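So, here come the structures, one by one.
First chain A sits with chain B, and in the next complex the same chain sits with chain C.
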Partner chain A sequence: MIRMVAVRLLLTLPILLGVSVVAFVLMRALPGDFAQASAGTSTISAEALDTIRRNLGLDLPVWRQYLRWLGATLSGDLGLSFTTRRPVATEIFPRLAVTAELTLIAGLMAGLMGVTTGLLSARLRGVAEWAVRGWNSLLLAVPNFVIATLIVLLFGLYFPSVGIFNYVAFARDPSGNIASLLLPALSLALTVSVTISENTRAAVLEVSSQDYVMVAKAKGLRPRAILRDYLVRNALTPVVTVTGLQLAALLGGSILIETIFTIPGMGQYLFDSIASRDYPAIQAIVLVAATIVLLMNVLVDIAYARVDARVSYE
Partner chain B sequence: MPASMPACRMSDVARRPTRRPRTTAQVLVTVGLVMLAVLIAVALFGPSLAPYNPTRTSPASLDGPTLAHWLGTDSIGRDVLSRLIVGGRATLLITFVAVAIALAAGLILGLTSGYIGGAVDLVIMRALDVVFAFPVFLLAIAVVAALGPTLPNLILTIAVVYTPTMARVVRGPVLSVKRWDHVEAARSVGIGEFTIAVRHVLPLVISPVLVQTSLTLANTIFTVTALSFLGLGPPPPDPNWGSMLAEARQFMELAPLTVIGPSLAIVFASLTFIVLANGLRDVLDVAGR
Partner chain C sequence: MMEGKLEPLLAVRDLSATFHRHGAPSRVVDGISFDIAPGESVGFVGESGCGKSVTARAILRLAPEGSSIELGGRILFRGQDLLRLDAAAMTDIRGRDIAMVFQDPMSSLNPVLSVGAQIDDMLIRHTGLSRRAARRRAIELLDLVGIHDPASRADDHPHQFSGGMRQRVLIAIAVSCQPALLIADEPTTALDVTVQAQILRLLLRLRRELGMALMLITHDFGVIAGMVERVHVMQAGAIVETGAVDALFAAPRHPYTRALLDAVPRLETGGLDSTAGPA
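Take a look at the complex of A and B:
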């Protein structure tokens, strides 16, 4: 077990390194001068620019700049924000917690909806199956930011008394905080639930064609018991992993949703950083998000191997 | 059709379920193609179809629907219907060109990787894994923000972001098809490896690629409109659905149609490709995702 975790993590290392290169190049590929952008103004003396350049190490060869940056990043130094002049690391983590909470609630909602509709379409035939298929196709066609905008419109028109831009910090009011995240999470969850639904359906159908289900049926077990003890239990393993793998979609989607509902998470931070051309922040957000997705994938693999003895990643 | 299907399955247990009958799938493909034709026709002939100049402002701002303006006007008095008709052009142009590039790159990389195998496979797939590690939308937004939202930048970014998906869909089946007997037979009569890969392996893996292309088109519609929604789309003043939706948000309680119009347009465009993908999956007998 420990060996497997180690192997999986080792395999992830080169990808992480590649991710860091992409994040580094992204910032160096900017139009114009990085030192100029860092100064935040175009009216600056040549000497001052030189000083900034030396301080940032921009006079070094590119590969040394990269190593220097990588070393700093590994020791938790993500650079200084261009706009606030504070360390990006201290800016990013409180926001990451907010996004993590939003993503978690959305993931739970998507799981609940997806498993329900997936089970329905696998167990019922005819009209119900078609209703679920149509519903899924429709959900797949409506982007989360459109859903969010329509939710805002709906509440603005018909329930103006319900405040929907009322984000409160968890520390101040836990239940109010969760309540304020429900609608944003719902707009994130709908699209993701489709993938979970289709995978649940496929998994249940796969399991129902297994011999042990036929045996259970033949010996006269009630359908409800078969569903509970055989189908759901065995079908849920792949479903859980799929839900885990949807994290990337949820993280990407939260950029839009946070902007629409004015939630102070990573997405809104990215949006603000782009608006103010705060490149160290953009770089850090991209890096942190990719790292989280990669680690989550490793976690999913390990969890999968834990529950399914046939899987090995040697 | 499915409602009238007799319950002819021997039992739920022994049968793998329900591939829909061919005819239904063909209906789906037909519907998808008709929707696609409408989209393309409106994009091509939009400027002559639109009743007004989509960028011309007028004092009649945020009017409700009238005979003169069927969907009303926006906050600076532009005709919403005209803007909707013309607003799909840039989105569709970016979508089609970007997905075409991603498809070509995916085919080349996936075929090379899967057919040659070994170290080549390892290097290509790990490189693609790097791109794959970034949430698609986050990478797109960061690259476009860094390079600037011009048409070529948007197209290239989106092409890069979707290439790994395409390459994976090609590579998977290539791995098994290359071991089939007809490949061995071709090799034994002296046909070159390149010809075998292109003429005898590629045609057999094209079905899942078509389905994935259709799904990627739908996803790209999302990505492009979402980027425009955040102000990172094709530059103004030409209208496009994403930025129309963003602009309309400020005044949406006063003029709901300015929000609902672009929303429906975006949904129609992505639904086109989803319907097409669903139909193609059944017609070509591709296993579910």
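Take a look at the complex of A and C:
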């Protein structure tokens, strides 16, 4: 087990290297650069632009820029943000914390909704099954930013007393902070809950036709014990996988949701950084997001072994 | 053995079972009646699809998930009609008074629970033992069915056992609450021939030691011999012949019984020469 984790962690390094190259090249392939972006619509002389570029090292060939960035990163220095001139590391972590909190709340909501609706549709059948499947199809068809927009419209027009855009920092007002994240988390959670719900439903249906469920009934176990120890325990494995991967994707930050609700998380940071061509910030965000996805994969594998004794990594 | 002298433990009267799938009803058990006396062992023989497994499951009112089955007639257990019991009372009887061993040991154990836990949960449910007492009893039961080093094996999971060992575990589960009737539905079909004999010997021994009645269901007359006192031969949802096992072997009356007996390979006739054999 420990060996497996060590090997998997080691394997993430070449993947991260590849990700950083792709991000680096793609950003520089975009038209415009920081100098032009910061100039905006005002006309600045070509010499002034060149000075900015020279100061930031943007006049060097891309491969030399990359090696410089890689060398600094490997020694633990993510560089200075072009826009704020402050270390990227100190800029990114408060934002990561906000997104992590948002993801946690959204994950709890999605897990609760998904597992409940999945179980309902698998166990009750009939009307419940059709209602859940219809609801899931609807949520799957509607992108989360549309849901977010509808939530904003609904509360903005009819319940203006409920503040939508008043994000407050956790340190200032913990309960207000959580309350301000509920609606954005809901708009993220609804889409994620579909995946969890459908996977729960499929897994429970598959497990319930297994012989050991019949044996459990023949043992005279009560329906609740069968549901808990036989159906859910066995259906959990595929659900753990999809949930883990969905949460990993959310941890990278949702640009649209965070922008709509003006939450200072990873998504909004990425959006602003791309708009201003703040290369060090973008590189750091991509690197952190990729690391999270990779770590989440390892965690999912560990979770497998915890819920299912047949899985061992020897 | 004791037929007619004792009140029957189980009296099945005019039992019918009808499956409803995609609207079209199909009757798989068609008005059968039989008795099982306390401690008696009775065999049910017939080819796949003759309704013998459905009969066995009907006694415990177990239907495959997602199918709907309609049962008719009466199933009197200790004089009480099981078909008229409410769901909770039926759940109490399952495992405690009537237990069942199924065909495929590879898929009959919950893969995520240790085998000990799968005996514990049943003991706790029916006997009210504490968790620790249940585990002590579970270890005794594993020892009883011939699992070596039962104390440490109780913590192992099903995938760490062979097919024969898993069937032993399932038998330990089935007899854990000392049921009055044990239904064994093709208990050896999925196993190697050498293991088959061991499992049959185990069932025979447990029946004697625990004084259970045994309802043994099989398609194989070779399994029945030496295991039961009486045999019911089933075909197409009906019992076509009933008799003491020796008499039936010596002089089968129904042509279907004869065909089934001919299907048992014999060493002296050169083995597998039958073409009319049931599946």
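Brief remarks on what is shown
Throughout what follows, the second predicted complex is superposed on the first by the 263 of 314 C-alpha atoms of A that agree within 3 Å, B and C clash if a C-alpha of one lies under 4 Å from a C-alpha of the other, contacts with A are read in each partner's own complex, and residues count from 1 in each chain.
FYI, a residue touches a chain if its C-beta (ideal position, glycine included) is under 8 Å from a C-beta of that chain, and two chains touch if they have at least 3 such contacts.
Because the structure is predicted, anything quoted here is derived from the model rather than measured.
With both structures placed on the common chain, the touch criterion links A:208 to chain B and to chain C. When the two structures are aligned on the shared chain, A:140 is found in touch with chain B, with no touch to chain C. With both structures placed on the common chain, the touch criterion links A:229 to chain C but leaves chain B unconnected. By the document's definition of touching, of the two partners only chain B reaches A:293; chain C does not. Judged by the touch definition given at the top, the superposed model places A:149 against chain B, while chain C stays out of reach.
Legend: residue contacts after superposition of the two complexes on their common chain; A:15 is shown touching chain B, with no touch to chain C.
Between chain B and chain C, more residues of chain A are touched by B.
Touch criterion met: A:127 reaches chain B, while chain C stays clear of it. In the superposed pair of complexes, A:221 makes contact with chain C only, with no contact to chain B. By the touch criterion stated above, A:171 is placed in contact with neither chain B nor chain C.
Residues 208-209, 213-214, 217 of chain A are contacted both by chain B in one complex and by chain C in the other. Touching chain C in their complex are the following residues of chain A: 208-223, 225, 229-230, 233-234, 307-310. Within the complex, the chain C residues that touch chain A are 60, 62, 64-66, 91-96, 99-100, 102, 104, 107-114, 121-122, 125-126, 157, 159, 170, 173. Listing the residues of chain A that touch chain B in their complex gives 14-16, 18-19, 21-22, 26-27, 29-31, 122, 125-127, 129-130, 137-138, 140-143, 145-146, 149-150, 152-153, 156-157, 195, 198-199, 202, 205, 208-209, 213-214, 217, 248-249, 251-253, 255-256, 259-260, 270-271, 274, 279, 282, 285-286, 289-290, 293-294.
Within the complex formed with chain A, the residues of chain B that make contact are 2-3, 5, 7, 11-18, 126-127, 129-131, 133-139, 141-143, 145-148, 218, 222, 225-226, 229-230, 232, 245, 249, 252-253, 256, 259-260, 263, 266-267, 270-271, 274-275, 278, 288-289.
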